[in-house]
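Presented sequentially are two complexes of subunit A, the first with subunit B as partner and the second with subunit C.
Then we have the complex of A and B:
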């Protein structure tokens, strides 16, 4: 069933940018509004195809995946794990201090 | 003035007791040095793909069945997107619109409350943050990717007390199932509470406040009580409740705002393309059901009905899976469950310490059964049984050896007691004559003399029998 997609405006871009932790300049946000709008328009064209009898595909794997046995295998060494950390301390990834607020 | 009722729904996150993480083969062991149980999958390195741990699915299904849920034949993993230092991928793999289990219930015996379970879903845990090291926070990703089930109740609880009972009941269920170690301090059993109040008689729910990550049963009760009182004060003063997330400050004994609704997160859930639908067929569910250990309430009922324990004793014997197993084994070996339960309650339990799924039992079931059997055989008295138990604690010694070494068996030997009785009777001829002449109260005098000589270690039954025989009563 074709779905009428919502019209994108600057406030949507700003909201999504905030969720993605991106700081956009006004110019960038406006350019993004036009570009994303064009992409959505393309998707809108796709949605004109009648898919009412088609099961949604959320994965490209065919059939259910095999499950793993609960058996431990070595991962990365501590050094390898931290190799690409910009900063480390006390064996961990060091990040700017923050207060626990949870997700 | 309107009177209000508190309405509570709880979300419990319980760590599944697998050896490895839910989507990779890293160990889930607690307490390892930071970032030593990690791999490209749980670090969120590019190109790494998750592969589901089948045992995690089995444990999740076991938990869901125990709270009466139906299992969906197909469910889906979804990405919950947010930024946080302990979330390396920038999203948590969870389940959203298609959880694997739904529509269950937990019954609270003390409160008499039927609490509906909305859903149970699988997800991965985030890492752990260590604060207060200079200006930095340190991220340890050993815990990232640990399998969890989230069990979400309907808003069916009506007091902080009921909320605590619900959590204890759920914790016991998961503990007895071997699904979770019930360890609040180590974070393997965590709880968020949705709390609102409404005027009594009102159907519509009030604006709810979410209390986050409270790590003890006592704090859950205090946090909910405090929050309900805070909301009532706001409404009574003519104010409105703000929908927000609050934390519990255990030092001040108050809740504090973490995040208001305006800042509420938009998680942009979508199906995880890296994971195909989670298919759980009926054969798998039937197998999990068949392999599930007995639930605590079923154990209590069985201990009362088949082993003739009082409801209280049944409750005490099922306070921990290892205590229950110990009691059952000792009962089987000895044959009289009630006597075993009495001895466990009066002597053994005070020496038992538990940590998660493990318990330190001072003696073995075999030792306990043997001690009680020695009492049955008249070899030692009930009082001596306690002494024998004290000597057996922490040793692998046999009860019979301990009795022999302590010389206890001698004084309960009928022959030895008879010699002693004859001596006491000869030393107290006047009392013996009066007793034979019918002054029955003097019987106690002779029993007392024997007990004094044996320092209370003689079997009272043997003493009675021997006294009657020697005095011709």
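Then we have the complex of A and C:
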């Protein structure tokens, strides 16, 4: 895994934080760079395992998934669904603007 | 002191004790032991009025001649990762501070349907990410055997509630050892069921290919009874399995004569505390006296379990925790003049603690373009090899026995500065999690300093009953049976 073995630097952390929608302070990002660097160094031992012809296991399956019947049934009421919203307006969740001219 | 599950249920059913009296006794113990600066801090919420109401309802049911359930009046603590309708549920995080779920987790509803009393919500590492309880946004629970030590994690509060006899049983969740390790650290019985055995509807997700709900109890029989009730298919969780659920309690007292136990040499190597090793070997000898045979087995990929787990679990967590965005529930932080993305970023920065951020970043990194194959893809393949190790071992033996954790409870603060050393403390519980296998932790002889030690028993998928039988056989001989921490006597 030659690409992955490159050293983790601050720019990686800043990029990943953006992907994860985490606003980190510069100080936090620097500390995370060091901490994650140490963890990834340990993780690199996986590169010593021969995984040729090994199928991946994303989940341990014991038989087929058990679906319930696809039929309509009562769920949360509109009121219950909105009850814990930090901000609501017009019977919906209110958020800061994210398009030009929004509010 | 709050007694064993079966004792309380039988007495309440027979009318020898009122459920309300048991509930009041449990609340009084929580008052005496849990609160204040020197308290154990096992609970994050104790809904007194609801507790007493539920207990009175059980008493009224009995008075009306309605047969009572198998957990009649039994006080059971609920990990705060499980949703409880009308009772604040935080998963140990600031981002869910004050959140009141509009529904009950299926496991919580099943306990109630057997007339159990949900006594309170227990402290935990934030979003179940941790091995010591120190990642709780509300301060760590303390180990009742030595309050300067960690109770283990992430279900530390549930373990402490049971160890200090504030509850007869508790629900926890186990992703990489979060039931078994705190059970070992606190001298309680903990069961991680087979992946898919128990519904996760209403469990706040951490790593969905690993998370599993299970019981803690003061004795094996109590844990087995709770497991029999929470196990089984739930149409609200497509990953819950339809396999028939045996009466696990009936397995307590079943003969273990002739069962073949495997001792994995990889679990008895460098890093294992010598006192833990001696205690666990004595427990294995005890099972030999009970009629089991013992032989060495090999689980050669054990040493890769920590790396494999921390790639897979963080990848899944980074996806699961994307839902906490400040829009629909929980904390919202809106920077002045900021847009939607700024709100997401600020909410998540303030709402999540350090370890959660660390894992979200790691998980996002191992899934990101250019790194996915080298980290996540490879970890999934090594997971296959770890599972195959168990398949091969179970061709030769009926159960695998080992220490639950390499050391007794470590000191609070001892590992917080070094995340990797904290991760490495999960080395014996992670492999069974990655393979989806059931495992029990049952107390064995304490260390000289009086700290509990756990014996871990791993069995093939869906064979919790055999693990329960072995745990009960050992418990009957264990010097740690019914041991209660001095401060809780």
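FYI, the second predicted complex is superposed on the first by the 86 of 103 C-alpha atoms of A that agree within 3 Å, B and C clash if a C-alpha of one lies under 4 Å from a C-alpha of the other, contacts with A are read in each partner's own complex, and residues count from 1 in each chain.
Following the convention adopted for this analysis, a residue touches a chain if its C-beta (ideal position, glycine included) is under 8 Å from a C-beta of that chain, and two chains touch if they have at least 3 such contacts.
Predicted, not measured: the structure shown is a model, and the values here were computed from it.
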Partner with the higher number of touched subunit A residues, subunit C or subunit B: C
Contacts of A:13 with subunit B and subunit C, given as first, second, both or neither: second
First, second, both or neither for A:55, with subunit B first and subunit C second: second
Touched partner set for A:24, first subunit B, second subunit C, both or neither: second
Partner chain(s) touched by A:47 [first = subunit B, second = subunit C, both, neither]: second
Touched partner set for A:95, first subunit B, second subunit C, both or neither: both
Touching partner for A:86 - first (subunit B), second (subunit C), both, neither: second
Contacts of A:76 with subunit B and subunit C, given as first, second, both or neither: both
First (subunit B), second (subunit C), both or neither touched by A:39: second
Touching both subunit B and subunit C, residues of subunit A: 15, 19, 21, 58-60, 63, 65-68, 76, 81, 87, 93, 95-98
Contact set on subunit A toward subunit C in their complex: 1, 3-4, 8, 12-13, 15-17, 19-25, 28, 32, 35-36, 38-40, 42-47, 49, 51, 54-60, 62-63, 65-68, 76, 80-81, 83-87, 93, 95-98
Footprint of subunit B on subunit A - complex, ascending: 15, 19, 21, 58-61, 63-73, 75-76, 78, 81-82, 87, 89-103
Of subunit B, residues touching subunit A in the complex: 18-20, 24-27, 33-40, 42-43, 51-57, 76, 80-85, 87, 92, 126, 129-131, 133-141, 212-213, 245, 247, 258-259, 265-266, 268, 271-279
For the subunit C and subunit A complex, residues of the former touching the latter: 99-100, 102-103, 194-196, 208-209, 233, 235-236, 238-243, 301, 303-304, 306-308, 310-311, 318, 322, 325-332, 334, 338-346, 348-349, 352, 357-358, 360-362, 364-365, 368, 370-371, 373-375, 377-385, 387, 419-420, 423, 435-436, 461-462
